[in-house]
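In what comes next, chain A is part of two complexes: it sits with chain B in the first one and with chain C in the second one.
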Partner chain A sequence: MIIFLQSILNGLLIGGVYALVAMGLNLMFGVMKLVNFAHGEFLMAGMYVAVGLASLGTLPGAFGMFGIYWVAIPTMFVMAAVGLAFYLLLLDRAARFGESPQILLTIGLSIGAQGLAQVLRGSGFKLVPNPINGAAIRFGGLNLQLGPAIAFIVALAATIVMAWVLRATRFGKSARAVAESAETAEMLGIDARRVYIVSTSIAIGLVGLAAALLIPYQYTFPNVGQNFVVVAFLAIVIAGLGNVVGAVFGGLLMGVMQSLTASYFDLDLSTAAIYLLFLAVLLLRPQGLFTRGRRTL
Partner chain B sequence: MRRALVIFAAWMAAAAAGLLLKNDYFASVATAMAFLALWAQSWNLLCGLTGNISLGHSVFVAVAAYVTVILFQQAGVSPLLGGLLGILGSVVLASIVGAATLRLRGPYFTLATLSAAAVVLSLILHYSQLTGGPSGLAITFAQDSPFDLEFTNVRAYFLIATGLLAAVTLFLDFLKRSKLGFYIAAIKSSEEAAAAAGIRVALVKVIVFCLSAALTALGGVVYVFYIGFMDPNFLSGLTLSVEIALIAVVGGMDYLIGPIIGAIFYEAIDVAANATFGASGGWDVMLLGFAVVVMVMTEPRGLCELTIRLLRLIHRRPARFWS
Partner chain C sequence: MRKRGLSFLAFLGTVAVVLAPAAARAADTVDIAVIVPLSGPNATVGEMIVNATKLAVEDINGAGGIKSLGGAKLNPIIADATNDPQGAVTTAERVLSQNKVAGAYGLALSPLTTAALPAFVKHHVPVVTSAISDKLVTPDNGGYLFQIAPKGTAFGNQQVEFLKFLNDKYKMGITKAAILYVNNPYGTATEKGIEQLAQKAGMEIVLDSAYPENITDASPLVSKIQRSGAQVLFPVSYITDASLILTGLRSADSHLLVIGGGAGFIWPPIGESLGDKVNGLISVASWNLDSKNVKDESKLSGVTQRYQKAYGTFMPEQAGEAYAGISVLAAAIEAAASDDPAKVRDALAKLHVTGGGGAMMQPGEVEFDENGANTHVVPVMIQWQNGVPHTVFPESVATAEIVKP
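Let's turn to the complex of A and B:
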């Protein structure tokens, strides 16, 4: 029983980062109908940025062992700016290209960025020494890993903020309208391009946040993005393509499935288990587990 | 018939050039180029005809290679028979993934193929008693044994790979003008219209995907005996899948010769990067990836189209000048 509870807990904590990555992917898919195959490389880039910032120094005493987390906000804004550049330089024109060229564009960018990281930073594994790495709290026989726990709490907070933004703000309402139909939204006076720009910045900014939350306990290397993004891809299809808040539940579900297979079978089999669920969802419920009717975003 | 002769002559020329290469490094580059071109051509059988982008073709290389070598080493099954079983395994996998995704609109197929590579890799790592786990399997042999695909002279593999490439190219050319080819062309121009005309759209797509998987797997069977070592992270890695796809894209998906041009381009980058920066890695995939980005943004039809436009430009300018 304690193993079961511990696995669920670990899974939820891992799932927090998947949720952040998946949420950005689904936001971009929802408004632009584009799967960003380079999403994992933005995570990788964010991790290198965060590692670079963290190696400058950590905050002084008052923050105790949490001094390294100052990098979260700057990394998020740096990556949001990268997302803005990504949209203006590439996606702005590619928006007219149709699905296949967009896939090829982002996959080319993805492997190009992996190569660039290897050329610039080498293929070595980087970790800034910090007290969060390996730290854990024990309560009631359960072991709470501190790094993943902080990542989970921040991811949850970010989800609540995103859900509020989509529901209540002017941008959110425009985004939902564009997701429903870009043409109709434009006829109603909504600037779809502005929605695309802001969505891409938010999506890449969220990945930057995820990157900063990962670096205290996760090694940074050129292919690191693949480990997260493949799971996030499966998560968004299982949850429902374009469903931003659903993607969060998808991410958490992936984490729990991974952790349970790791405890009872073997970690290597977890991707296979998730993949079986993915195929089952495609066959039986292609709109996704958490999408009802025609609801978008 | 004329095309067949052209392709056969091209193979003969490539084979002669390969056999004349005295330098072992360039011979290995040429062989790698031949295998990449073979895989890219097989990949393009799917994408060039139906427009479905697979980012998991390395899976078929890995499945065929592992089935063949495990049967060969553990049960003494000849690679010629084991290879057929390996290809069959790849086709079964392709039909499952294809049946689940090719009837849906949207990026499901690409996502499903991309993650299939990760799944197969994790299965190879898990069943390590059979597959050797992360350290892979080695194939060692001391003498020639053609029926076991064992040749001590690596140029034999170059001959086989280019021969397979010629055969796949010929097959693709034949397929385009067959009944199935016309079905595919109809589907590509409008799925609704094709379905209304009585074509079973999803079935045709799955068949084409299986054909593409089988040809890729065929290359995989020969490849492992050439390389003599199976590294799961390479064989079932995302990098190989993406390389296969992007090579075809860079060359030009609308042309029979496109994937071959792409493979030459990629190996040329690789050789140049190795000569300039040393074999530290990263340069080849970086240049390939960014080349594709530039290509999609400027000339999505690839190097072939670019060359044709360039030739036209050179050809036309004097005429315009004098008229």
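Let's turn to the complex of A and C:
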């Protein structure tokens, strides 16, 4: 029983990070119908920003071992600004030529960003020494690693905030309207372009938050984004494309699937297991596990 | 008469023009290709090799270049093998067809080297490599591959020998072993050696598990290790996995003896990121900066100090091998007295290095067998002490005492 519970716990913890990455990915898809292939590289960029900030120092005294987390909010805002620039300078222009150029642009950006990171920051592996790395709480025979646990808690909090934003705020209502039909929304006086700008900013800001939560225990290097974004892509398809809150459950499900497969069979089979689930969902429930009928944000 | 004199002068002039470039080139440069991954997840490996190549070339040229070629300077043509076997093939083809190189050093990783080897055979260019796969040093390599590093299976052998040594010395009574390995040619080659030899040494393998490259979470692996009841873990991992496994074990309050499989366990970043917590960690390595052959030779230990000064980290495994490999290649060009790659290949096959930069490779001697395997090299066991890996085994090259795990 302990093995099962530990496996579930491990899966949920890593799933929290997948969830944060997947949430931004699905927000962009839901609102803009854009598959952002550069999402992993935004995560990588966020990690470099967070590492850069963390190397300036950590919060003293009262924050104890959690002092490194001061970088989370600044990184989120820096990446939100990067998202804003990404939309205004690139996506907005590419949008004039339709959806395909936008997708191609993100593929190009993904490749270019990895190369640029290598040129600017070198190919080395960076991890700022900090007490969170390797720290854990043990209870009832279970082991809870602090770094992933904090990432999981913040992911849940971010999900609640995002659910509230989409349900209760003016932007959320506009975003849901644009997700249903941008043309109809515009006829009703909603500025779709503005929704796109804010959505991109929030999506990249969320990935910045994920980045800051990862740096205490994961190395930062030019290709790090790919390690997370592939699972995040599977998570959003399984959850339902465009379903922002569903993406969180998709991310958690991916983490638990990986962990259970690794614990009871082999970690080598975990990739196969999540792809099998992916195929099963595509065949049996193409709209996604957490989406009823039509797509919703 | 005057006309005939002018014709003769014109003939001399023509001869001079035709011969001049050749004469100048003979005393000018000898190109060698250095094809290593400079992009993708293994770009760090390529960077270490390029750094060491610069030092080796600086030393060779500073000492008068290739003397048998009139002091010709060694000129490395550095190219990106990428992280993809097809990319490695494309780069090797491009570099070898567009340049007249006397030999090559590269491609560091076994999958890349295996893929690109036919290009070297096709162009008759010998390649000195630090890739460790046993499959590279067979008659199938066409006689154009020279492996300066120990074979993959030798690593497992050394790890088990070390364990026997620890059991004898500290009476640790270790009988149950777990093996974790990254599922690629490097991982599988090393795992095979560990498994066979651990069994031969009377050890029970209680866990033998592969895992995919680029994992983001090692906690399922850590749970499995703990459940297995293993007393020693042999992980064959890259740096990101190595860090996740080590911190996972530490967070689970495990005091399991970990004998790392090189790569991630001995690179500078793991020491930098884990700080003091890295001390005591043991790993096997292809090369280490303070093995007896390096430490006892002031010129070679001077190279490791220059590396530290120039690049801000201690000289890592891949860099040490590259310094030795480039030096061995230069020694072969010297012995061949030619920049013809076929003659350099023949010289490499007969070469017996006992000094100079080639002696950087433990035990200070390099010679290749008929399949291109380095007959003298043995892997070393290192232990992190004061943030730096020190050679602690085998006793023939060890320079530091083991701090009891």
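Basically, the second predicted complex is superposed on the first by the 293 of 297 C-alpha atoms of A that agree within 3 Å, B and C clash if a C-alpha of one lies under 4 Å from a C-alpha of the other, contacts with A are read in each partner's own complex, and residues count from 1 in each chain.
Convention: contacts are C-beta pairs under 8 Å (C-beta built on N, C-alpha and C of every residue); 3 or more make two chains touch, one makes a residue touch a chain.
Values in this document were obtained by computation on a predicted structure and should not be read as measured data.
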{"item": "Superposed partners chain B and chain C on chain A - clash or fit", "value": "clash"}
{"item": "Touching partner for A:L206 - first (chain B), second (chain C), both, neither", "value": "neither"}
{"item": "Touched partner set for A:A50, first chain B, second chain C, both or neither", "value": "neither"}
{"item": "First (chain B), second (chain C), both or neither touched by A:I103", "value": "first"}
{"item": "Which of chain B and chain C A:S259 touches, first, second, both or neither", "value": "second"}
{"item": "First (chain B), second (chain C), both or neither touched by A:G115", "value": "both"}
{"item": "Chain B versus chain C as contact partner of A:L283, first or second or both or neither", "value": "first"}
{"item": "First (chain B), second (chain C), both or neither touched by A:L90", "value": "first"}
{"item": "First, second, both or neither for A:F233, with chain B first and chain C second", "value": "first"}
{"item": "Chain B versus chain C as contact partner of A:S270, first or second or both or neither", "value": "both"}
{"item": "Stretch in clash, chain C with chain B, out of 112-120, 292-300 or 310-318", "value": "112-120"}
{"item": "Intersection of the chain A residues that touch chain B with those that touch chain C", "value": "114-115, 118, 122-123, 222, 226, 266, 268, 270-271"}
{"item": "Complex contact set, residues of chain A against chain C", "value": "3, 6-7, 10, 13-14, 17, 114-115, 118, 122-129, 133-136, 138, 143, 145-146, 148, 217-219, 221-223, 226-228, 231, 255, 258-259, 262-263, 266-268, 270-271"}
{"item": "Chain B partner contacts - residues on chain A that touch it in the complex", "value": "29, 35, 37, 90, 93-94, 97, 99-101, 103-105, 107-119, 122-123, 222, 226, 230, 233-234, 237, 241, 266, 268-272, 275, 278-279, 282-283, 286"}
{"item": "Residue ranges of chain C touching chain A (in the complex, touch as defined)", "value": "38-41, 43-44, 46-47, 183, 209-212, 214-217, 219-221, 223-224, 227, 239-240, 243-244, 246-248, 250-253, 267, 269, 272-275, 277"}
{"item": "Complex contacts: residues of chain B adjacent to chain A", "value": "47, 51, 53, 55, 96-97, 100-101, 104, 106-108, 110-112, 114-116, 118-119, 122-123, 125-126, 238-239, 242-243, 245-246, 249, 277, 280-293, 295-297, 300"}
